[in-house]
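Chain IDs A, B, C, D, E and F follow the sequence of writing; residue 1 opens each chain.
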Amino acid sequence: MLKKIVLTGAAGRCGSILRPALAAMCETLVCSDIVDSIDGLAANETYVKADLADYAAIAALMDGVEMVCHFGAIVDEGPFEELLGPNFIGSYNVWESAQKAGARRIVYASSIHAVGMHPRQSYIGTDAAHRPDTFYGLAKCFSEDLGRMYWEKRGIESVHLRILSCAPVKNARALGTWLSDDDLVRLVERAIDTPTTGFAVIYGVSDNDRSPVDNSNAAFLGYKPQDNAEQFAEEILAAEGPGNPADLAQMVHGGPFGPVPLGQGGAAAAAKGDD
Amino acid sequence: MLKKIVLTGAAGRCGSILRPALAAMCETLVCSDIVDSIDGLAANETYVKADLADYAAIAALMDGVEMVCHFGAIVDEGPFEELLGPNFIGSYNVWESAQKAGARRIVYASSIHAVGMHPRQSYIGTDAAHRPDTFYGLAKCFSEDLGRMYWEKRGIESVHLRILSCAPVKNARALGTWLSDDDLVRLVERAIDTPTTGFAVIYGVSDNDRSPVDNSNAAFLGYKPQDNAEQFAEEILAAEGPGNPADLAQMVHGGPFGPVPLGQGGAAAAAKGDD
Amino acid sequence: MLKKIVLTGAAGRCGSILRPALAAMCETLVCSDIVDSIDGLAANETYVKADLADYAAIAALMDGVEMVCHFGAIVDEGPFEELLGPNFIGSYNVWESAQKAGARRIVYASSIHAVGMHPRQSYIGTDAAHRPDTFYGLAKCFSEDLGRMYWEKRGIESVHLRILSCAPVKNARALGTWLSDDDLVRLVERAIDTPTTGFAVIYGVSDNDRSPVDNSNAAFLGYKPQDNAEQFAEEILAAEGPGNPADLAQMVHGGPFGPVPLGQGGAAAAAKGDD
Amino acid sequence: MLKKIVLTGAAGRCGSILRPALAAMCETLVCSDIVDSIDGLAANETYVKADLADYAAIAALMDGVEMVCHFGAIVDEGPFEELLGPNFIGSYNVWESAQKAGARRIVYASSIHAVGMHPRQSYIGTDAAHRPDTFYGLAKCFSEDLGRMYWEKRGIESVHLRILSCAPVKNARALGTWLSDDDLVRLVERAIDTPTTGFAVIYGVSDNDRSPVDNSNAAFLGYKPQDNAEQFAEEILAAEGPGNPADLAQMVHGGPFGPVPLGQGGAAAAAKGDD
Amino acid sequence: MLKKIVLTGAAGRCGSILRPALAAMCETLVCSDIVDSIDGLAANETYVKADLADYAAIAALMDGVEMVCHFGAIVDEGPFEELLGPNFIGSYNVWESAQKAGARRIVYASSIHAVGMHPRQSYIGTDAAHRPDTFYGLAKCFSEDLGRMYWEKRGIESVHLRILSCAPVKNARALGTWLSDDDLVRLVERAIDTPTTGFAVIYGVSDNDRSPVDNSNAAFLGYKPQDNAEQFAEEILAAEGPGNPADLAQMVHGGPFGPVPLGQGGAAAAAKGDD
Amino acid sequence: MLKKIVLTGAAGRCGSILRPALAAMCETLVCSDIVDSIDGLAANETYVKADLADYAAIAALMDGVEMVCHFGAIVDEGPFEELLGPNFIGSYNVWESAQKAGARRIVYASSIHAVGMHPRQSYIGTDAAHRPDTFYGLAKCFSEDLGRMYWEKRGIESVHLRILSCAPVKNARALGTWLSDDDLVRLVERAIDTPTTGFAVIYGVSDNDRSPVDNSNAAFLGYKPQDNAEQFAEEILAAEGPGNPADLAQMVHGGPFGPVPLGQGGAAAAAKGDD
């Protein structure tokens, strides 16, 4: 039983799913987000509104913290200037203040968009080179590198969950990329209960037949997803019809997130089936 | 539901197994082979006799085709001169005519014999270098390279199924290499229903305990075999007795296919347990 | 049914577990150890006391042997001088005499301690470089290299079982490293019944959720463990509390085996989470 | 002969070295830095004072530019808050405005500090994973990922020069890491005159006997350094005396840049001699 | 001093360069090509007109041969049907008849076009996967696979020279790909005088600063080129002007050989700067 | 200037070559071997007869030592029992006593025979897996693993020189494997003067055109050989005549060292031209 967990992004989709599980793992769960309030606080939960870009506000959450679940961010592509505060500076603020407060570990909601330009036909492992597909993904790259430096130079652990798609399955791509709500909980539980992790990266994806990524390097975490999007395959494939291999969004891991002007620049390179 | 599938080698063992499944996936299934006729045509099936080495005959099958399942070939080792027509020129004829007709994809019956000289103790992936063990295997190498070029230069997709052994289990080697009839169907269904594939290679093997090859690079296809040759292990191992590591045919992936004169030339090299 | 198996270390923990299974696989099981006698000999079992360091004594066991299960050794860390006889010279004696007697194969109880200094967060395969953590582990490295040479130069096969921890689960590390008694038997059965193996290495570990090693290169052996230490996870994690990433024993594969003076020399290097 | 080159950081050490060579390669060289003025402008050189963190100021430099040499940044470790403007936002400003202006390529002064935590005994290639040793290095990681995204999504090329140490040789580490002034010029000339580069990374180091990095992946650029720090070896080694392998700063590629508290956290991990 | 060398393609550009060197290495040099005659036969040279596609004609050359230099082929892209005889069947005829005649080794003029679709920014080794860019390149893939099989199954050695461009330097690409006449001779001499080679692949390229391929796996052959196309760089780069990274022909190893319809199919994939 | 160097094997071929260079690098050079005396001691040299297998005798050499050059061993293949004392136990004695005495580093004469069964056509790096070809080579494997453990657990550095052939060039193999006397000196000087090395492995070979091994991982040591056995090539190749690829001794790195019974066991596996 941990003394204190801090959860950023507590009002978001993932944060809302995680709150009950986190509350069960600690004496005090401090939830934080940019909204004024959240509903349904458990007895050992508190909510503090805080702007991720405001160092003092974030540092104020950290007193006595053991474990930080950093899920706060703008969760859509946007201009660099808009993401700079919450998604870049926010990560720095979380790591710097958590480390100063003596936290053991940060569990971070990274994303497939950190490596989204890899061709989907390459079975990328957790050590795949950064190839962001958006400014959103670039912020994930930045936070992973930051987390690695804080581990290697200051000894604070971090587990980076590269979530593929934590949302209902609505298209053929999601048959491979789905992370069910229950599997998200399982993943975060493992990222917390593993006694030591150092710096680790793991893909957040269910046990889908068509899962396109390789978690074997993170085997020691013992994450075993239980759900499988194949249950939706027949209906979705019938509805969607044949794919178009000339459409870059269908050929890279990141999919159609963000405006990818087809055929422009070197982007089409990522579409090839092997590398 | 696809408009039209062309199946070559429809009279062969694999072709016969596949016909009902293919017929269920399209409006029209055009079957072809070198024999005069085949039995049991479904309502949406037609049969056309055609020599693979005859470009005009093959091209005549392709009008309006979306998907080609190219399973036609001489399926035994033989002199180069005999395989040249059906197994080499035939592949060119299929790719060239299918691409000209606007087909989206070719699903090709490749073989473990394209990489058959790799030592069995090396867990070869789909990117293993070509090491054919026969002229039969050399034709598979040729067709894979051809398919890759047609994808990279002309944009026609292909999925190359390196089948290990699609036959009843009768020896110890087949405990690892067996592809059951049902798993063959599952494999081809995935090769067809995956929305985009680019150029892909996948081993055709069941979920055998002793399966000696690695399909992880083809994970995005979502092929999940369900059968396991281990059910035959006790009986077969008892009957076969101890193996002979000085027998090259027991030490390479391709097994005893074709005449492998033991101890001659550099062949024994492939028998080593690691590389 | 084999004619004759020789089992060294028959009085030890693993040897005792294996005896019934081995007795069922052969006409004659010759058990050997350094103690005066062992209990419960089956009808086709005999016991011969023999010092591993005594060539003549070991050679005397080998007449007509087909398969040797070499599990004898001092199974704890100790001074080099004490391990030299049983763990180093003993391995030479077993290989040399078995090969001279015409044995087909040696199944050897190697250990994770042959590669124990690799960071636990690296998912090491069977081809991981030797990084012994103890003189005990160094003897395993020596025996693996010896076995490889005897295969490559003299044609005697060997399967090297790098056992992680063949003991009841009592700490968090063992949630990943446990090899159950039943899975040990399964592992040795496969090492024996596979018709040809050449020189092979495989990790001896159960199907634990948190298993930290990669057996895919040994897939052809068909070892499929059935037990899972996760059943003990909740109780053990609750009892053990948070880990300490500055404690080298928690960050390397070998764990706290042997005296590892923390922070001394280059040892801390192995603690990093990736390489 | 290029129409226009923009050089940021023109008042810095590297910028000053490069100016004559760049001026010789184009009709107009626009120099920029944060100082009020620079000396010795050639006939085709102009100087514009501009703050890298000011998008409008940077964008104003780019009209008609073909090639940008982006060498401007704070070139010392400092608090994240101080580096944020020039080293992070500055890179974004350069890429975004250059791409909008239609520039062909950006040549960027990256640094070994982007990968500085790799052990010095590992011969890292240009594809080594990001392992920054400082916030300074983190900014280089950020800019490299940014440059890759702009290439893959928008088609603007970039060549990232990971400079090891562009300064006089004063210690044993620099015997390996030295980049002479002349070799810096050769390196930048190749980064500019190579007809196409896509996204490329190359180490900036002279032809030192003890050079610890691998540029083979950038072979197509044809960079052939001519200087060798070995000329300084005898004097420097005599003066410096034996090294201390327990000093992390002597065991990682980045060296003693920035405050590395020895033995703290996971940092010591990087000191190991292989990975 | 060899007894007999057979040179096919003796009337071609490479063949003509090689004749004097080959004549100096053997007692009898049998030259062959499709033309009626060639000039300047040395005292120990003979010429025999023979069609590569005619097995009997080729076999007639092989009596008593020790070493075959197989340089004959159509050396331009063309329809598959036209290349089939000389470039595909011709290779089979040479290997089959040479092996039957007891030749020790075949030195084969392979080509960069066997791997021409790899991105130029990837420093491909001799083990790069086949990615032909033309039917011409596909024939080289076929011959390499054939040669490997003849080595592994029948023990006849072969050295496959993947020539980049054996022609005067006339464009920027050739600054990297040039193989000088003298280096061609050096390369073939090594392929012949190395006592044992097994099956080997090596790139045929001079010591160009901008050489884009990696011969290190063929180091044992001891090929050390002496010429460098950098002598032509200034003039050619000035004449050619800036490159276009959207032009596939500038971004892949194979260059503009054959008609590559830009932006069609998956071809653009090969243009990316890394894989 | 080091205070004290200990050189074992001082009476051997390599030891004799090294003595003057070592004497110039330290205040006191203690030479040791199994013979009664050696000639030509320099003013700062002493000689002590000592049996490597005698711990007390070896420990007596180590008082105040900074650097040990461990070149003592039986330098020929022999029965395991004969090599056990000097080549195995001797290495333990040197490491254990040197570490206890506070030595900084051991420079060890390892050998290509530690990896001698790798095929000569594979360009093995310093991280090639151990594949000893003899008991002599097995002792080198043992010592390398021992040295790595002493570094990782006790912090004593070691540099392992895998010497290829330190003898006059008398056959075709030596055209690739020659290490000249002068290059041996250069190699050892670098192994000593590099300020920090951790655990390192490097091949001892001259700058031969035909050198078959890859030292790039040891680049930081700055070893630059200057001699080239190609000067002997013409004469030796003419005398030796064609090679025989069916002769294992011509196809593996270790060459004909020790009795390799051709075609026996799995040995022939090592002869293949790639892995």
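The rule we apply is simple: a contact is a pair of C-beta atoms (placed from the backbone, for glycine too) under 8 Å apart; a residue touches a chain by one contact, two chains touch by 3 or more.
The structure presented is a predicted model; accordingly, all values stated were derived computationally and were not measured.
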- Note on the structure: For the C-alpha superposition of chain B onto chain F, the rotation angle in degrees, rounded to the nearest 5, equals 180
- Message: Can you check whether chain D and chain F touch via the same residue numbers (shared by over half) or via different ones?
- Response: different
- Query: What is the distance in Å between the mean C-alpha positions of chain A and chain B?
  - Reply: 39
- Task: For chain C and chain E, let me know how many angstrom lie between their CA-based centres, rounded off.
- Result: 50
- chain A to chain D, mean C-alpha position gap in Å, rounds to 31
- Find every residue in chain C that makes contact with two or more other chains and list them. 119, 127, 129, 151-152, 155, 198-199, 245-246, 265-266, 269-274
- Note on the structure: Note: in the complex, chain C contacts chain A through residues 119-123, 172, 175-176, 208-214, 230, 233, 237-238, 240, 242-247, 250-251, 271-274
- Note on the structure: Contacts from chain F onto chain D in the complex sit at residues 1-2, 66, 104, 127, 151-152, 155, 157, 193-200, 216-224
- Message: Under the stated contact criterion, what part of chain B meets chain E in this complex?
- Response: 80, 84, 88-89, 92, 96, 117, 127, 129-134, 137-138, 141-142, 145-146, 148-149, 151-156, 198-199, 260-261, 264-267, 269-270
